[in-house]
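Two complexes are shown next, each including chain A; its partner changes from chain B in the first to chain C in the second.
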Partner chain A sequence: MGNHNHSHNFTEQYEFSGKPKTWSLIAILVGILAIAFGLLTDHAERTFANLLLMAYYFTCVCAAGAFFLAVQFVAQAGWSAGLLRIPQAFARILPIASIILIVVCAAGLLTHNLYHHWHADGLTDPNHPEYDALIAGKSGYLNVPFFLTRLVFFLASYSIFALMLSRFSSNEDMEGGLNSYKKSIKWSAIFLIVFGFTTPIWSFDVIMSLEAHWFSTMFGWYNFAAMWVSGLCTITLTVILLKKSGYMTWINENHLHDLGKFIFAFSIFWTYVWFAQFLLIWYANMPEETVYFYKRFEPEYLPWFWVNIVVNFVAPILILMTRDSKRQMNTLMFVCIMLLVGHWLDYYMMIMPGTVAEHRGFGIIEIGIAIGFAGLFTFLMLKSLSKRSLVAINHPFLNESVHHHI
Partner chain B sequence: MSSHHESILREPLVTGANITYAKVTEDILVPVENKPNRAWWIGFTIAALGALLWVVSVSYTFWFGIGTWGLNKTVGWAWDITGFVWWVGIGHAGTLISAVLLLFRQNWRNSINRSAEAMTIFAVICAATYIVAHMGRPWMAYWALPLPNQFGSLWVNFNSPLVWDVFAISTYFSVSLVFWYTGLLPDIATIRDRATGFRRRIYSILSFGWNGSVKTWQRFEVVSLILAGVSTPLVLSVHTIVSMDFATSVIPGWHTTIFPPYFVAGAIFSGFAMVQTLLLIARKVLGFENYITMFHIESMNKIIILTGSIVGVAYLTELFIAWYSGAEYEQYAFLNRVSGPYWWAYWAMMTCNVISPQLFWFKKIRTSVAASWILSIVVNIGMWFERFVIIVTSLHRDYLPSSWVMFYPSVIDVCVFIGSIGVFFTLFLLFLRVLPAIAMAEVKLLLKSSSDQSKQRLIREDSVPKEYAEFYKESLTKYDSVSEEKEYAKI
Partner chain C sequence: MSNTKYILGHFEDPDDLMHGIDKLQENNVSIYDVFTPMPIHGIENKLGVKRSRLPIVAFCFGLTGTLTGFSMIYYMLVHDWPMNIGGKPAFAFPDFVPIMFELTVLFCSFGMVGTYFFVNHLFPGRAPRVMDLRATNDRFVVAIDAKANPYPDKIDNILKEAGAVEIKHNERKYVSYE
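Presenting the complex of A and B:
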């Protein structure tokens, strides 16, 4: 079996300069201005809600990159070997994303702009007029020190695993052989266990506790589904944009097809989880559960409630149904952008009704902060990507990936 | 499929030297074309006695009514529905293997899909017998269908998940049957071509005139993909709806939003365990070691550990949210589950489903045939307990403490359950005799790219890196049940 890899330049490196650099820096500046605008115009709570949304989104996408890597190793996937450097770039900036999320949560708690359903004066004091027996019952779990400890512990452990997986790949570039590959499989499996058992708690803490009276066992997997879809879309979008700039010639429509299948399948999975949660709460009609959807059925939110389903389910399922659409770069790029916007809306629907409620908005603060974080992600990720070659040259399945055909 | 560039690191899907297309046919058709041996007769006799027990106990139930079961006023649904959900769950692996793994292009499915699909169909039949049996008046079974009132029935309640069940399970059964049968066509044609006389006529009819032309094969491929696409959502829907039988209620312990995906994961978990239970024996007795290799066993064990852990996350989530909810009835339901009079059932479930499958993290254990088989039985037991725990512990202490009771199964309950296992094994053992237990045509596809001999050739030709070749040899000699000498001695 000869080596047919001559036509590809496997040592190529991404050069981070020019337009991507300028525009991502401008976007970061826009974000900073939007935060300043929000805080100075007396919209502190709304600003914090948006900061939480984007910091969480940012962390989720980076964590999904690490998760993608781990899944590929544990499943011994061959097709994806040629594009692993992209999720690795996500994984490498997970520590920064984690720190931002922790800072936002801590600052929100400190300034009482976030989590005031469980973190406010007198909620747990029986003699206080604001006493809330339900919240007092949960205070052993929902209290500031324990909350922040958990958050730091989870994000630190994900970050360590993410950096480890990336390090193995760098070592592999230099040493070759199977040593890094074997280690990657082992540590990926351990990471998946830690990640699988803790992500539900992570989302219960950061998102579900915004409405601390409400509970849903599905919420963890619902957030996982949103994280995974948005992570897959960001990976795919990055691949496509790099290809459009002339990089990664070894990635062809077969790889895009597989990424497209993943996006298609997990959009349906997201809907499945969303719908199961909704149907069961609607059907049983118990007040302690329906309160969640009651808020989202207020006229302020109802149209967006339905738009969420259309953008994140109806549109991708219809567009990506055929084989051809998954193999066409522009169609797939459109779907990725649409789903990334769609999952912003998804997070918006999770966060806003429980925080700013009827004072929600869609203006400079929302758009500006979203642009700022998108810029920050782009800047950090591309910078990290530019540090190594665009392919893990010694990955044992690289040959399979280059000749992937479906 | 990147078959021509398959990495040497991947373990072979067919072991043994001198495996040719003809040899695959010869090996796999041994049980179909020869008289059964003693082992089969012993197994069949025991299974048939079990099936007889089922006929007797179900007839007894029909004659005397549901009162012969151990149900009481508080626990009005127990052993019967536990058995039903257990069987339906087992009936998930086959279609998952044939459909989802086909969509994922997982070639290792090719040698296990046939038996797994057959098992699925028999498990769904066993589940269906529970539905009919616990109707009390089975001759009214058609009332579950939305037939016009002229038939003397009442219009069904479309709001009831039990009606959704009727549609979901019957659709799933039909599609699984079609999928299984479509896959069988080329293999039935092979049997037909080798048979003579009356046997030939029967297999000729069953093969639907398969002629093996290019056009036939093309249609076969297209139909397989379409059926895979159709049955993937069906696999997920069945246990989703079964879970809704419970979760749409307002009973603490039943109503929780995580139920649908948690039930689906549990179903796949139990289904794979049952595939292991059956195939580990079949592979040995029928001499299929070259086709169902250690890699297949290990891969299935990996799916068992994955789904077992997903179920574990769900158990812990339920327990945590029950406390977190602050709803006292919810909290009590779970406290009662963990430490009430049925504590042993809860901990049996936890141990069998979550804790013991973690042993599969050790490569030594997941590549041991004996350990895999024992753990597969443990999982089967654990998944039975899971349903028992969910159903009975949620019911037996209701809102009125004066009506709190325990549930004790009657002899008939136990006999129906044991009998249903007999029915299942009778059907499976008959299947092994009349149809090929491994998809011959699909295994033949793998010979050129994924068999041990093709990999050995690559090593001999020196076209793979030395270190990779070492890795390949090591993975075979260290863990595979077929050692090199024994394997080559066989031929």
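Presenting the complex of A and C:
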């Protein structure tokens, strides 16, 4: 270790108790009550749409944690070494998030509350009155066994890679040396290839197939951008809240500046992909493609369509453009919370018009389930975080991270 | 009164240079500028260099590009020669966005290149302004304005004690003009 680190306590561990624990448990309870309320008051489809939204959001944030780790390892980045335990905590709960998402999708399929656009009786039978030639043509890909197999296969592989990266870091704590770091780089590179090729398919399956007549090749990257921005915001928010509670003294405004730059850049990237999808569909004006935006241009959704762009593009680009705003904890925290809400709206705009359409709502079910999953994420993530020291003490670039200065 | 305009202290090592800057500042000698062959971390703070206004310039150039792009397409496609393209309205804003974006980038990058040349006086046919040629090679050079600090012997001593390997008394500001 260097000579200037005496003021930092690198062996400190997060103690998960008190208010965060109480409130996250209360939030989980609120979520369960909201689900029960939705199912009992005859809003099954709306409840399932919200469950899908939040389960997908939850899994995406955890997967983004694993992706963040992999990117840092492959880039051999030094600046982030001091905060890698946070995305590791995300990555460690990815298996649980994956199971929840798989259960929600499977239950939605079985109860015909989700994906009934392509999964219903007679859709592929030419003699049936409900016969749908488009769906029949896609049924080789969009059928329940293959759908679930893909989902399980993708999420299991992400989870395995996530746990591997976390394991290497634990080994590094105990053994030191460069062995774990080199292994992390190798497996991160493999993970990035797997992740890059399969996340678009994952989002095609879970979200795009809700409106199975429609397709967009941009959709996968659009979802990837949303996942990456919301993951970065969650990482940043966690860092800031931990710092505010007196942990992680080695993280300073330089690290926040880098995280802020990431958020700024990928908010623009999100808009770029969003716009690339929108412009081509709008310009080509082909009915099978415009149906997606037609639904979102209905008066029911149009205001939110614009709010989505303002919150996720205009606001972050204007607020985070200056150097100072990225270095001020409170400004950055505000932007993170705004973007997390904004990407909830983004997913809402992806899911609701294709499922509940004009029966959409915003009330106990939406808010309750969102709070429930936020609580679940907080609970699991902080629990996982509290199991190890807050810094990977033997990370070869830790010293560089501590002295990071931009 | 000598004709010395600038006193240049040469250091061989960044750490010696930083030490020299400390010593000069302790003795209240104002430093005109420092030239190094490579960027040195934290030297701006030490010298009290103000934050660059380059980002503001970049923003202004970018904004000019956006507005130029918008006005150009608006004039062409809406005002001067409206055409029916795929049944779209003449003022089809989404179509404008890529061109506005590209012109933002173009104006911003060309503007920054121009700003760089302008700030550094790099015009065609003009010798670049360099106070010490070895600062581009292997020496870390501190420049002190001799008129503002009229005690050359004291400065020489401070520099020597701090580990300067060479001290020059220049009568011209930019040696590259000679």
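One rule holds for everything that comes next: the second predicted complex is superposed on the first by the 404 of 406 C-alpha atoms of A that agree within 3 Å, B and C clash if a C-alpha of one lies under 4 Å from a C-alpha of the other, contacts with A are read in each partner's own complex, and residues count from 1 in each chain.
Keep in mind that, in the parts below, a residue touches a chain if its C-beta (ideal position, glycine included) is under 8 Å from a C-beta of that chain, and two chains touch if they have at least 3 such contacts.
Worth saying up front: this structure is predicted, and the values here are computed from it rather than measured.
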Fit or clash - chain C, chain B, common chain A: clash
When both partners are placed on the shared chain, which of chain B and chain C touches more of chain A: B
Touching partner for A:Phe215 - first (chain B), second (chain C), both, neither: first
First, second, both or neither for A:Val307, with chain B first and chain C second: neither
Chain B versus chain C as contact partner of A:Tyr283, first or second or both or neither: both
Which of chain B and chain C A:Ile317 touches, first, second, both or neither: neither
Touched partner set for A:Leu178, first chain B, second chain C, both or neither: first
Touched partner set for A:His405, first chain B, second chain C, both or neither: both
Where chain A meets both chain C and chain B, residue numbers: 279, 283-284, 405
Of chain B, residues touching chain A in the complex: 1-2, 4-7, 9-10, 103, 105, 233, 236, 240, 244, 247-250, 255-261, 309-310, 312-314, 316-318, 320-321, 324-327, 361, 458, 463-464, 467-468, 471
Complex contacts: residues of chain C adjacent to chain A: 41-42, 51, 55, 59, 86-88, 94-95, 97-98
Sites on chain A touched by chain B in the complex: 1, 76, 78-79, 133-134, 137-138, 141, 177-178, 189, 193, 196-197, 200-201, 204, 213, 215-221, 261, 268, 272-273, 276-277, 279-281, 283-284, 286, 288, 396-397, 399-400, 402-406
Of all residues in chain A, those that touch chain C in their complex: 275, 278-279, 282-285, 321-323, 405
